[in-house]
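To start, the structure itself, in C-alpha cells.
We call the chains A, B, C, D and E, going by the order they appear; numbering starts again at 1 in every chain.
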Amino acid sequence: MKIVYVLLGLFIIINYGLLQAGVLRRITARVGKRIGVPFYQPYIDLIKNYAIRSQFSHGVMFYLGPVFRLSGGVGIFLFMPLIFGNEIFSNYSMAGDLILIMYFMFIGMLGMALGAGEGGHPYSIIGITRGLSQFTTVEVPFTLAVISIAIQYQTLSITEIVAAQQGGIMHWTLMTNPLATGAAMLSFLGMMMYAPFNVVNAPQENPLGPPTEFHGTFLGMLQTNRVILGVMEAILFMNLFFGGATNWGILFIKAFLIYFYPVFVGAVFPRYRIDQSIRWFLYLPTALGILAIIFI
Amino acid sequence: MVGPIYIIAISLGTAFSLGFFKKANRNISFGLMFFAMAFVTFISGQWLYAFLSHQQETIQIFTAGFKPPFSISLQMGFHEAVFLTMINVLGLLSAIYLFDHLKEKGANMMMVFMLLFMGLNVVVMTRDIFNLFVFLEISSITLVGLIILEKKQDAISSGFKYLIASGIISQILLIGIIAAYYYGGSLFINDMVDSNLLFVKGGSVAVFLILIAVVLELKPFPANGWALDVYQSATPGIGAIVSGAVATTSLFILYKLLPIGGDAWLLPIGITGVISFLGSNFLGINQKNANRILGYSSIGQVGLLMIIMSLSKDLGDKFEFVFFSILISHYLAKAGLFWISGIINKDEIGQWNIIKNKPGLIVLTGVFMLTLLGLPPFPSFYGKWELIMNLAHSGNFTWIAIILLGSFFEAIYLLRWFGKTLMNNENSEELIVKFHKIFPAVISSFLILMFSFLTARWSGLMSVKYFIPFAIALLLFALDFLPVFIKNIMAIATVSWYSYVLIYQTYIPENDILRIIFGFIFLIGAILLLFPGFTFKGKRRGFYPLVILMFSGLAGLIEARTTFQFFFAWEMMTLASYLLIIRGKNAKKTSFSYILFSMAGAFMMFIGFGLAYFETGSISLNALADVLIYANWVYILVAVGFLVKIASLGVHIWLPDSYTEADDDVTPMISSILVKSGVFGLIILMLSMSLKNAASSNIPYILGWIGALSALIGNMLAIYQEDVKKLVAYSSIGIMGYILFGLSMMSHLGWLTAISYSIVHFLYKALLFLAVAGIIYRTKTRNIYEMGGLIKRMPLSFISVLIGIITLAGMPPLVGFAGKWMFYNAVILKGWYFQGAIVFFSGIVAFLYCFKLIHNIFLGPIKDNHRKLKETSVWWLIPQFVLIIGIMIISVYPKIILEPIGLYLSMYFPGEGLVWAGTTASTSLGYWDATQIMMVFAGMFGVIFIILFLMSRKVQVVEQFNIVFQAERPERPETTHYAHNMYAPYNKALGFLAAPFITNSWEFIYESFHAIGDQIRKFYTGNGQTYALHIVMYVVAFYLFINGGF
Amino acid sequence: MVKNAFIFLILIGVAMILVNLFAGFTGNVDLGQIANHYVANGPAEVGSANIVTAVVVTYRGFDTLGEVTILFLSAAIVGFFLKIENTDNTERNLKYTSEILNTASQVLVPIMILFGVYVFINGHLSPGGGFQGGAIIASGLVLMFIAQPKKEIGHKLINIIESISGVGFVLMGLAGVLFAGGFLDNNVIGLGKFGTLFSAGAIPIIYIFVGLKVGSELTGIALSLKENQNEA
Amino acid sequence: MLNIILAIFLGILIIVLAIMAVLNKNIVVAIIAAGAVSLFASVLYLILAAPDVAMTEAAIGSGLSTIIFFYVLNKINRQNG
Amino acid sequence: MMEKLNIQNIGLTVGILVILVGLWGLLTQKNLIKIVIGFALFDTGTHILMVSIGYIKYRTAPILDEAVDIRNAAKLVVDPIPQALVLTAIVIGLGITALMLSYVLKMYQNKKSLEINNYKDLKW
C-alpha cells in the first residue's frame, strides 16, 4: 500500500517539476526579452526522448549511469517526508534522517559521472571535474548549516525539524536561525547549478557534450531525474528552513519560491570560473555557517 | 682445571718460539698460533663454565710466590672469566678472519697478533696497576703493529697518530701511578681502593690522572680523532678487534679502577659517556665511510656503556644484566660488521649495494645492524628495556632522554646505511666471499641469536611461547629454498593456526570483543592478504619469515598484558614491516623515513611506559590506569608512538611513499592491517588512561584536531596523485585521521564509529589495494595516466573498486554510510562542530579521489598496449571477493557488528549508544535503518533498470571517441590520458592546503642536523698533533670540571 | 701564533695539574710498608743484594716479562715494517769509516760485550742487570756496525737468540709455578749464599735470558734501521 | 750541600738542553741535545741514589735511542738526496 | 724556602719542567722527528719525576753491599720500587720511540715530507 502512495507522490512531484521547469524557462526568457518556449515544453522533450528507439552505448557503466542517476534522484524523494503530519506522504523517511539524504545525493552524481566517463568523451570529464570540485565546497556551508540546525533542534530527523517549526512564520528556521539559513541558501545556489555557478554545465551546452552521448531514453531518464532532483532539493530546504508544508498547496508555493530564487540570481549574475566559485563558497557562505554554529 | 697463568705462559712461549719458525712454512706458524689461541680460549671458557655451573670461588694467582701487595697478583673471578672468554673468542675468530693477512706477513705479525690478545688477557686479570700499565702498553704497541697489516699510507700515518696519542695517555697514567704510589704506598689495586687516596692533597689528583687515562683509553668524544682514523684506515679485521676486544677490555679496566675514585667519580664518568654517546652518534650521521661510521658507532656504544656504569647504583641488581646484554650485542655485532666491511672492501657506504645479490650477507648485515639498534629480539633490546625501566624507576629521566636521543642518532646513520646496502646495483661487479672471511661473521650472528634467547630468558620478561614465532620464522628462513607456492601455503597455515588458537580458543570464549575484532582484522586479514602471494614466481627469499614476524608482532600486541610485551610486539612488528617495505624496488629512501619516524615514536612510547612505571611501579598495562600525576605526559608520549603508526598529520610523511614503493601484496598488508595496530594501541591507551582520568581530558581534544586536520590534508593530497598506489596511500592518512577523530571524541558513539570504521576500513582498503595491485600486476605500471578503459578487460576488478570507493565515500546504501551517520550524531552530541565540519569536508573531498581512481583506471578510452589485457589473476580476486562479501553482509545487516561493539563499549561509556529496534538504529538525534535502505534502494534501482531495459531494447555498443592521438604525438606520456590532472582547478583554488610544508620542515630539520654535524666534525683536522692537543685539552678541561674550575 | 699561545695556556693548565699533584708532597722520611718489606726481607726471601734487582726480577718479575715482550714486539714490528720493499736491494753503497774508529772498535767491541755480560750476570749484586747489560751489548754491536759496515750479523742469529732466551724466560717462570710458590718465583733453585755470584736463586739465570733477549732485540731494532739506511 | 748545588746545576743544564732540543731548528743539534738531556739525567739519577736507573738511562736513553734517531735521520737525508 | 731546597724537590721540579718542555715540543713542532724528540723528552721528564719520588734524604742506593748493614737496611736505603718501575718504563719508552721513528721513516718514504700538516688525509 505504501508503494502506491509513494508512486502517487512521485507522480505529483514529476508533474509539478515539469510544469515548474517550463514556467521558469518562460519567465527567464521574458526577463531576457525573449518569448521563450511554451510551459509544456519539458513534457514534449521528455516524451520525445523516451520515444527515440535508436540507442548507442559505450558499455555497461554507460548504460547503468542514468539508472544510478535516476536512482539517486528518486532515492532522495523516497527518503524525504513531503507533507508534514501526513503519514501517507512521508514516504520512507523512517528509514533514515537528514544525513541519509545528504549522502544520497552522491549516488546519483557518482553513477552519472561513471556513465559519462565510460563514454570517453573529454568534455564529460571536464564537466565531471568541475561538478565534483564545486560540489565539495558547496557542501561545506550546507553542512555547517545542517549542524547548526541539528544543534538548534537537537535532532537530525527531518520530520521532527519540520515539527519544531510549526506555529507560524516566526518559528521557521529562517527566523530562529537566520545565519544557518543564509549559509544554506547560498550553498543552494551552488547545488542548483544556475549562474553564477553553472560553469559545470558548460560542456553540456556544447554540441559535442554529454547530451549527445546520452541521448534517447538515457537522456530522458536524466531529464526526469533533473526534474525530481530540483524539486526535491527545494523541498529539502523548505523542510529545513521554511517550516515545511502541511499540504500540497503550501508545498507547491514554497517549493516554487525556493526554486525561483537561484533562477533569479542566475539571471542577474555572470558565470564564475570553477576555481573562483570554489573560493567563493569557502569565504562568505562558510563564514556564515561558522557564525551560525557559534551563535546558535 | 688449567690455571689462568698458563694463558700467559702459553701465549708468550708460543710467541717467542715462533721466532724459530720464521723461515718455515707459514701454515705451520699459523697452526701453532691458532692452536695456542684456541687453548687460551679453552682455558678462559673452562673458567667461565666453572663459574656458571658451580660455585667456583674467585681465585687470586700470586706471581713469584708472594702475596700482594708484595708481588703482582692476577685475579680470576666471574667477571674476569666472562671478559676473557669474550676477548679470546674474538681473538680466535679474528685469527680465522685475518688468516690470509697473517699468512702473507709471516711469523712476526702472528706473534704480534697473538701477544695483543695476551696483553688484553693480562690487563683484564691483573690486580697491580703498574702491571696493568705495562700490558696496556703491550696491547697498544701490538695494535699499532697490526694497523700496518695493510700497507696503506693512511694506515701508516694513522698508526703514528695512534702512537702519539697512546704515548701521551700512557705517560699520564704513569705519572698518576707513581703519584698514587707515593700517596697510597701501594700498587695493588685492592689496597688503592681501600686507602684514603682521595682525601690526601695530591692523592686525588693522582686518582684523577689514573682515571682520566683510563677514560682516554676508551676514546671519549671529542678527544678521539686518532682512534677514528685507525678505525678508518686499518684493515677492518683490526677494526673488529679494536671495537670488540680492546674496547671491551678498556671498559673492564674502567670497571676495575673506578672504585679507586669512589662514588664521586660516577657522575663525571657518566657525563663523559654522555658526551661520547651523543657527540659521536651525532657526528656519525654525516659519515660516508663505512669503517669510520663503525668507529663512531663503537665510540658511541662505549659511551653508552660508560653511562650505564656510572648509573650502576640506580640499576641495582639489574646492572649486570643491562651492562652485559648491551656489551655483548655491541661486541658481536660491531665485530661482525667490521668483518663484513672487510669482505665488501668498499669505503663508501654507497657502494655497499654490491652485496645486493648475496642474500646471506644482507641477512648478516641486517642482523648486526638491528642488534646494534636494540631492536627485538636481539639481546640489547632487553638490556635497553631494563635500563630505561630501572632508570625510570629511580626517576632519572634526563638520562633516559639522553640515552634515547643518542640511540636515535645512531639509528639514523645505521638505518640509512642499511638502506644503502639494498640499493639497486648497476655495476655487476662480482663479490668474492672467501669462506674464512665469512665464517667469523656467521658464528657471530649465531652467537647473537643464542644470546637473544639467553638474555630473554635471563631477563625473566619473556615466556617461551614468545619464541614460537621466531622459531617459525627461522624455520621458514631455513626452508627459503622452497618455491613460493609451498611457502605461501605454510605461511597461511601458520597464520590460520595462530588465529584459531587466539581468536577461537581464547578470545571468543572470553567474549573479549575488542580482541576478537582486532584479532580478526590482524589475522584473518593476514590470511586473505597472503593469497596473492601465489601469483609470485620464484623464491621470494626472505619474504615469508618477515611476514610471519610481522603478523605475530601484531598478534603479540593483542596478546600483550604488560607494557614490556606490548613494546616488544610493537618493535617487532615495526621492524618486520620495515624490512618488508624495504624489499620494494625503490623503497630504500622511504622505508628509511618510515623506520626513523617509527623509532622516534617507539622511543617516545618507551619514555611514556617508563614514566608510568616510575609512578605505579608496575609494568602491567592495566596499571596505566593508576597513573595520576604524570598522566598527561604518559598519555602524550605513548600516543605519539601510535600517531606515527597511523600517520597523523605532522608525522605522516613516511606513509605515502612507503605504501607506494612496497611490494604490491605488501601494501595491502600494511595499509589495511598494520596501521590498525596504531588504532588498537590508541584504544588500549585510552581505555586504560583517559576514561578513568579526568586530568588528561584536554589531550583528546588536541588529538581530535590532529585527526580532523589529518583527514583534511590526507584527502586533499590524495586527489592530486597520479600514482595509483600513492593515491590510495594518501587516502589512508585521511581515513586514519577520521578514526583518530572518532576515538578522541571519547564518547560511546565516537568510539563505535572509530571501531566499526576500523573494520570497514580494513575491508575496503584491503579491497582497493588488492584490486589496484591486481591491476598493476597486469598493466605493469602504477601511473594512473597510463591506464584507462580497463572496465571491459577487468570487469571483476572494476566491481571491486566500485564497491570499495562507494564504501570509502560513505555513500548509502553500503556500510560506509554507517560511519558517516554515526559520526554526525557523535559530533553533534559531543559538540565538536568545527572539527566535525572539517572532517565532513574532507569526506566530500574523498569523493574526488575516489572518482579519479575508478574513472582514470577503468573508464575512458583504453590504451593501445592494454587491448589484449586479461582479468587479473584469480589469487588477487579471491580475497577481493571475500572482502566484498564481507562488506555486503555488514551493509545489509550492520547490526551484527555494531550491536556487540556497542554492548562492549557500554561497559566503558554507559548510555548514549545506539538504540536498536529491529534493524533500525537510533540515537537521540536521528535514526537509520540500513536494511530498509538497502531494500528500498535495491528495489528502486531494479525498477528503474527494468524500465530502461524495456525502453531501450536495441542498444548498439560503439567504441569511444579516440581523441588522444589525433594529430600530434605527445611529448610527455601523461598527456596521453585525457583526464590527466583532472583536478587542476581545485588545485588552483585550494592547492595551498596541499603544499608540502610539513615535508619541507622535516627535511629542513634533517638538513640542519647534517649541516651542524658537518661543521662540528671539522675539528677532527686529521693532524695527529691536533689530536694530541685534544687529549691534553680534554685532560685539563676535565680537571677543571671536576675541581669546579669552571 | 694564536694557536701557540693557546697551547701555552693549555700547558699552564697541565702545569697546574702537576703542581697540584705534588701539593701534598713532603718528602719521604721512611720507607713505605712494601718497600720496607722488600728491603728487610728481600735478602732472605730472594737472596739478592741489589734490592732493585730483586724487585725487578722477582717481586715484579711479571712486569719485566711484559717489558721484555714490549721490546720484543717493537723489534718484531720495526723489523717487519722496514724489511718490506727492500728485499731485492742487493746493491750496497757502503762508505768506509775512519781508521781510528775502525781500530778502536776492534778493541772496544769485545770489551763492551764482555762488560755487558758482566753487568747482567752480576745484576743481583751490583747496579745493573739484564737491561743494562743487554743495552751495553747492543751498543757494542751497534758501534761495530758503524765502524765496520761490511760486518754482518744475521737477523737469523739474532732471532734465534731472542727466541731461545724468550722461551727460556717463560720456562723459568713456569718452573716457578711447578716447583715453587708461583710464576717467576726464583726459589726454583737454592738461594745460595747471600752476596755471592751464585746466589739469589734463578735471578742470574733470568737476568741472563733478559740480557740476551734485550741485547738481541735492541740490536735487532738497530739492525733493521741500519739495513734500511744502506738502501738508496 | 754540594749535592744540591750539583743537582741544581744539572737541573738547569737539563732544562736548557731540553729547550734547545725542542726549539733548535737543526735536527742534528736537537737530537744531540735530547741525548745530552738523558745523559745528564743519568747523572742526576746517581745523585738521587739510583745507580741502576742511571746505568739504564745512560745506555738506553742517551746511547741507543740517540743512535736510532741518527739512523733514521741519516736514512731520511739519504732519501732526500 | 731553604728547607724546600733539597735534591728531591729539585728532581721533581726538573722532571715537571722537562715534561712541559717535551709536551710543548710535541704539540707545537711541525717536524715529525722533533715531535718524536718532544715525546722522548716527555718520557725522560716522567722518569726523573719517578726517581725523585723514591728518593729519601741522606740515604744510599738500595744495594745491600758492604756499605750497608743488612739488619738496619730499611733505615739506610732509598725506596727501590720507583727505581724498578723506572727501569721498566725506560725500556718501554725506548720501544715506543723506536716504533715512532720507524713510522716516521715509513711516512717519509711515502710522501717525502716530514711536515705533520701533510699527513691529514684522514679526517672528519
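Just so it is clear, a contact is a pair of C-beta atoms (placed from the backbone, for glycine too) under 8 Å apart; a residue touches a chain by one contact, two chains touch by 3 or more.
Predicted model, so just to flag it, every value in this text is computed and none were measured.
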Steps in the shortest chain-to-chain touch route ending at subunit D and beginning at subunit B: 2
Most central chain, Cα average position: B
C-E or A-B, whichever has more C-beta pairs in contact: A-B
Distance between chain centroids, defined by C-alpha means - subunit A, subunit C (Å): 107
Centre distance in Å when subunit B and subunit E are each reduced to the mean of their C-alpha atoms: 51
For subunit B paired with subunit C, centre-to-centre distance based on mean C-alpha positions, whole Å: 55
Multi-partner residues of subunit D (at least 2 other chains): 50-52, 56, 60, 64, 68, 72, 75
Touching two or more other chains - residue numbers and ranges from subunit E: 6, 8, 19, 23-24, 27, 54-55, 61-63, 77, 81, 83, 85, 87-88, 90-92, 94-96, 98-99, 101-106
Where subunit C touches two or more other chains at once, by residue number: 7, 10-11, 14, 18, 22, 25, 32, 34, 38, 50, 52, 59-60, 63, 66-67, 70, 73-74, 77, 81, 127, 129, 131, 218, 221, 225, 228
Interchain pairs in contact, sorted by label: A-B, B-C, B-E, C-D, C-E, D-E
Contact footprint of subunit A on subunit B as seen in their complex: 789, 791-792, 795, 798, 802, 806, 809-812, 817, 820-821, 824-825, 827-828, 833-834, 836-837, 840-841, 844-845, 847-848, 851, 854-855, 858-861, 920, 924-929, 932-933, 936-937, 940-941, 944-945, 948, 951-963, 978-979, 982-986, 988-990
Contact set on subunit B toward subunit E in their complex: 130, 134, 137, 141, 144-145, 148, 153-154, 156-160, 163-164, 167-168, 171, 174-175, 177-179, 181-182, 187, 225, 228-229, 232-233, 286-287, 1017-1018, 1020-1025, 1028-1029, 1032
Footprint of subunit B on subunit E - complex, ascending: 19, 23, 26-27, 30, 32, 35, 39, 42-43, 46, 49-50, 53, 81-82, 85, 88-89, 92, 95-96, 99-100, 103-104, 106-107, 110-111, 116-117, 119-124
Subunit B to subunit C touching residues, read off their complex: 3, 5, 8-9, 12-13, 15-20, 22-23, 61-66, 69-72, 105-106, 108-109, 111-112, 115, 118-119, 122, 128, 130-131, 134-135, 137-138, 141-142, 144-145, 148, 151, 175, 179, 182-183, 185-187, 200-203, 205-206, 208-209, 1029, 1032-1033, 1035-1036, 1039-1040
In the complex, subunit C residues that touch subunit D: 50, 52-53, 119, 127-129, 131-132, 135-136, 138-139, 142, 218, 221-222, 225-226, 228-229, 232
